[in-house]
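A quick write-up on the structure given underneath.
Order as written gives the chain letters A, B, C, D and E; numbering starts at 1 within each chain.
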Amino acid sequence: MDGRTTAVVEASSLGLTFPAGDGDIVALSDVNLTIDKGEFVSFIGPSGCGKTTFLRAIADLEKPTSGTLTVNGQTPENARKDRAYGYVFQAAALYPWRTIEDNVALPLEIMGYGSADRAERVRRTLALVNLSGFEKKYPWQLSGGMQQRASIARALSFDADLLLMDEPFGALDEIVRDHLNSELLKLWARTEKTICFVTHSIPEAVYLSTKIVVMSPRPGRVTDVIVSTLPRERPLDIRETPEFLEIAARVRDGLRAGHSYEEVV
Amino acid sequence: MDGRTTAVVEASSLGLTFPAGDGDIVALSDVNLTIDKGEFVSFIGPSGCGKTTFLRAIADLEKPTSGTLTVNGQTPENARKDRAYGYVFQAAALYPWRTIEDNVALPLEIMGYGSADRAERVRRTLALVNLSGFEKKYPWQLSGGMQQRASIARALSFDADLLLMDEPFGALDEIVRDHLNSELLKLWARTEKTICFVTHSIPEAVYLSTKIVVMSPRPGRVTDVIVSTLPRERPLDIRETPEFLEIAARVRDGLRAGHSYEEVV
Amino acid sequence: QDALTLQLKWVTQAQFAGYLVAESKGFYDEENLDITILPGGPNIAPEQVIAGGGADIIVAWMAAAMSAREAGVPLVNIAQPFKRSGLMMICPTESEVTEVADFPGKTLGVWFFGNEYPFFAWMNKEGIPTDGSEGGVTVLQQSFDIQPMIQGQADCISVMTYNEYGQALDAGYGPDNLTIFNYTEMGNDLLEDGLYVMEDTLSDPAKVDAYTRFVRASMKGWQYALDNPDEAAQIVVDMDDTGAAELAHQRYMVEEVSKLVDPSDPALDEATYDRTVKALMDQAIIKAEPEGAFTTAVTDATN
Amino acid sequence: MSRTLSMLQLYLALIAGGCGLLGLAASLPTIGAAPLMLIFFAVSALSLLRLVLPWSFWLDGVLAVLGAWALIASLPAEGLMPLHHWLALIASWAFAWLFVERLAAAIRAGKLPETGTGLVIPLIFGLALIVIWEVVTRGASVSPVLLPAPSAIATRFAASTGILWADFVQTFIKSVIPGYVIGCVAGLLVAIAVDRSPFLKAGIMPIGNFMSALPIIGIAPIMVMWFGFDWQSKAAVVVAMTFFPMLVNTVAGLNAASTIERDLMSTYAASYRQTLMKLRLPAAGPFIFNALKINSTLALIGAIVAEFFGTPVVGMGFRISTGVGRLAIDLVWAEIAVAAIAGSAFYGVIALIERGVTFWHPSVRGGRT
Amino acid sequence: MNRILPVLTILLAIIAIWYAASVWMNAPWQTRLNERADLANVPFTEFVAQTWAQDKPVLPSPHQVAGEIWNATIALEPTSKRSLAYHGWITLSATLLGFAFGTSLGVLLAVAIIHNDASDRSLMPWIIASQTVPIVAVAPMLVVGLNAVGLTGLVPKALISMYLSFFPVVVGMVKGLRSPEGIQLDLLRTYDATPWQAFWKLRWPAAMPFLFASMKVGIAISLIGAIVAELSNTAGGGLGVRLLTGSVNGQTVQIWAALFIAAGLAAVLVAVVGRAEHMVNRRMGVRA
């Protein structure tokens, strides 16, 4: 798996066009990006710039229309069949007829884990996202934030080395978000996973990432890749340091550049 | 209308309890708050603390169960019948069978504006929110941000003196949000409207408001009312000034106090 | 035992008393026959049932059977217990119909579903148009009860002497406030309730033998029914799976049917047959003179 | 091409080709008896070459047509079809299926345009059913009194257009249309009235549900008794049949507007009428059309049933019931065909109007929000 | 209580209107009867009573129907051929068998439609067309045809029930099996789940509410199918046969009694499906 290269995701001249009735929609064009093992990469950019599309392409949920894309050195399809990644969608997408533990167990059932192993993994990942005690509840009995955490647990349960997260904390208020951000950082530090993370929040992107990919729309392009100079160890109040603010300002400039207000929204 | 007092909204010992199968839900308890004419008041607090409920009570969409609440010195019901306010819901709530301009014209039709006046107001408010050129589109042909702006235009079209806005910019990305924030500030400065504004974002609250109401849940109470010392004129980069950061820190502390993480989420 | 299925033309009632009594009294068993009697109804065409193999013998009116013969179901009459027709048209006094000449411009209720041929043959004979043209009658597809007369929806309605006429009597109608046209009395009767089988089965002597025994036992049933009308009515009521048959009404029906059936002679009267065929051809209900549409082989053997 | 066959397509191809091969072998003793059939068997057998050579799906379509043609051309006038000809039926059907299977795949892959070709598939399916019907009824000598062949029905249809048209006018124009309009409008109005009063709603809805479970067959004789023999009683049955679906759907539809959409009206202090006209009726549109579609099939059936219980001597139901009595089964099927065509067309028209009126609904505009 | 009161009020109103209507509709015939019997000047109250007690009324009064229902159910042995309980059972058995057939067929077709492009495109128009065929017209011929291949009794009736009841099930199940959102299907794709797994773990449970809604419609229609079939298959009895014999004998009271029993049976069957839905919902943790 970690063959000749440490690149987990490698995109070169990647393009992805959606056919549409009145002219095609170019969602991604000429994207070149390498994500190495153990990196925490944030994607930021205005709505519709192709962040989700790029994550979906990595996950083999969309087919690139040009260029090449490899995941763990293989095609995305083979990587998917190897169950190389866990995906956290923008919405929690829990199945309402399953309890929280059954929801978390879903990928394990499908991948054929034994039932003892399953129970153990469910217990462990639920504890990790602070949901112990809610195993037997149904999704609608939990708040939005708890649901989102359950969906993260589900993606973590089978220990894929690559985590793809599409605005997982979009619906949460600032305090809860802060808490989950630092939990996620701890998890990442502990497990050495590679994480691709989509967000709209500049502070969040700066706080979490080792690398920030700024994108711009029409067509979706990578306009800037900012490598963070922050240490790996990040207390919450790092966000008031000048270094942090400086990176944030750079991200903001990058964003604004690709953002001609009138046409984007 | 602007009778003996300048208080637009006046709540004293306000309580609102939802009856529920297993024990009532106290959404608001002992809320005391006065909002004067021309103020820009932000409400901030964790999910479920009663922000929406308070706004709905002002709008006469919920009936308080204890205490008193007056709007323009009258009961909320009479104020509603006087069409005293414009309401922007958390979701855009545009009618999918109407074009954007017809959606904006909806309150005007209902309030019996003449058709020439209607056309003029629609044109003007759509221009205000930067949607000129999209008059004939249907809501589902617009992005979420554009929909949200159309719903703001709809609330502005009939020039109510009081604007109630429930997380109007929740679904937008930072850049667009910044833009709309400054537009809103300009509008407010120009028209002397009174604005009640719900948000989850501390910078947004601080940037916009003359007064920030911090709430905490279970039961919904007002834990802090912070009067902004920022000038009325606010360029975007005011957000990097120490004064701004200090107010933001105070809001954050207020929020955190009411926020015992485990039980809320 | 030879198994045979008999498809009746209508719901279980005393119109078929002979067969029901024969079954109930064990006359068929005595002839070493295992008979299944299937009730009919307004949506069941016995000619179609026998064509589909759902029955061996059917009770049918000759006009319908001959018409079916032309349509490709080779039916053959093997016996004709009913000698006379029970069909009548009745007109209440309010309709102001007292003779055939009064018909033009009136609305007449007629049963369809293969029961309409006698009426059209009659009108054809009288020269009264039925196609809605000038000087003709308006025809209604009548429901199978006397409501159209009670409701005044038709000026005259079709009845059977042994069934709907009884309902009319119960409802307070009678000879004094009705004009009655009896098809038999007018000489317009077309043979009703004969027994028909498929032609190809008659080449099998074993089948013919079974039919013979069937007819013999059935006639014994008829004889018994007419001799013991009260018991026959009770048997009919008992054998009705729908529970709709009323004893008093069935008793009336046995009485009336006895005027139409000759239990001593199941044979087809050739003169009546010829008249029926002529009437059908006159009216183009059938186009060609039927060949071999009846056989006396069975009735000859019963003696 | 051969690489792109799915499992199902592979099986179908093997069945089609295999039947061709077997049929070819079985035809050899009587070679020359049915040349068209022989050609069909031969080419079918050849189609097995698709395992090694490319074989366009258009060829499968051509073979399906050829097979159907050969079958119908060689149907015996009397008696049973030769046993090995049944292989041709199976092969021809397998080719048809294979053709639509591959055609659908081509449309999905974007190799063929959706419009036009999309219509071809249901048409082929229908034609396949008719060919099977024709071949089975005639090949197995099914009595025309039980089930006539489509060709016989078509012949009768063509010869009886006068009668069929008169029956159509009596049943559809005079009974169905007025009954449908009255039933639907009444259901809509009562729903609006009921919706205003929670008390009425709570009282009427359970009873409405009970009534809609009433078997209408039972209503028909009563309506004939009440409203006479002509179209009025048929229209009354149609009214009774269409009223409750419309009532139930509209009541549900009037509740379809979301709380927030209603609250919006409330913030404008809109009157009941304004809320009804500008919000609740438009929001109920999809539900109302649902009822209109259900009713379009119910209405015709109701009118036909009612004609079983007494009519003037015209009408589709009359013709069907007397037709069965007279064993004019081909005419009965011609009437049934008229009913099916009229019913489908009625449904189609309502569905088209629905697309126009509720263009905004996700189910119509294609699901993208 | 606050559910019963409105229903009761409306019910009372209906019964009052019904009584009034039966006076009005039976009056002409009663007048003629009285004239014929030379009864002049019958007091109004007595006349009203007469219209409510006719033997073969145009519109039977509520108590006549209720009395007939009582006499034909409670007052009789359930095995009696005059008992509506007996006939109800016969119809019910055909209904249930037809409903089982119809639901299975509907589900199978829906599964074919969502999994196979060709089926998706070819079946739906014909399924809709199938419902425009007047089954009442086809039923007699179908009964004869099935008889020709040796099927009699329960099965032909059940097949006609099936013909009517599969339709709402296909329509509902196609919707239901397609109801999972793209994101939920994508989730399974990220696990590389097989179509079989996607069906059982996602599509099938997601379709449950649709299945039950369809089954409620389907079982009521099944009953109608069984009754239609009995009109063409009078052997053996059943509620349809009672309707028919009532109609051919002009026994209006008998028709109405059979109708009400049929509607009551439908209501009970729908309630039973609703009950089953409730239980499944509980097992699936659906919010109360």
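In this section, a contact is a pair of C-beta atoms (placed from the backbone, for glycine too) under 8 Å apart; a residue touches a chain by one contact, two chains touch by 3 or more.
Chain labels with UniProt names: A, B = ABC transporter ATP-binding protein; D, E = ABC transporter permease.
Predicted, not measured: the structure shown is a model, and the values here were computed from it.
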Intersection of the contact lists for chain C and chain E (ABC transporter permease): D
Any chain in contact with chain A as well as chain D (ABC transporter permease): B, E
Most distant chain from chain D (ABC transporter permease) by Cα centroid: B
Pair of chains ranked first by number of touching C-beta pairs: D-E
Separation of mean Cα positions, chain C and chain B [Å, integer]: 85
Between chain C and chain D (ABC transporter permease), centroid-to-centroid distance (C-alpha), Å: 40
Euclidean distance of C-alpha centroids - chain B vs chain D (ABC transporter permease), Å: 53
Chain C, residues touching no fewer than two other chains: 42-43, 45, 48, 51-52, 143, 147, 151
Per-residue overlap in chain B, given as positions that touch at least 2 other chains: none
For chain E (ABC transporter permease), residues contacting two or more additional chains: 58, 140-141, 144-145, 148, 231, 247
Pairs of chains satisfying the touch condition: A-B, A-E, B-D, C-D, C-E, D-E
Residues on chain D (ABC transporter permease) engaged by chain C in the complex (per definition of touch): 143-146, 221, 224-225, 228-229, 307-313, 318, 321-322, 324-329
Of chain B, residues touching chain A in the complex: 46-48, 130, 143-146, 149, 172-176, 179, 200-202, 240, 245, 252, 255-256, 259, 261-262, 264-265
Chain E (ABC transporter permease)-facing residues of chain A, complex: 56, 59-61, 80-81, 83, 85-87, 89-91, 93, 95-99, 106-107, 109-111, 138, 140
Residue ranges of chain C touching chain E (ABC transporter permease) (in the complex, touch as defined): 11, 38-45, 48-49, 51-54, 143-147, 150-151, 167, 170-172, 177, 240-244, 249
Of all residues in chain E (ABC transporter permease), those that touch chain A in their complex: 181, 183-184, 186-193, 197, 201-202, 205-206, 208, 284-287
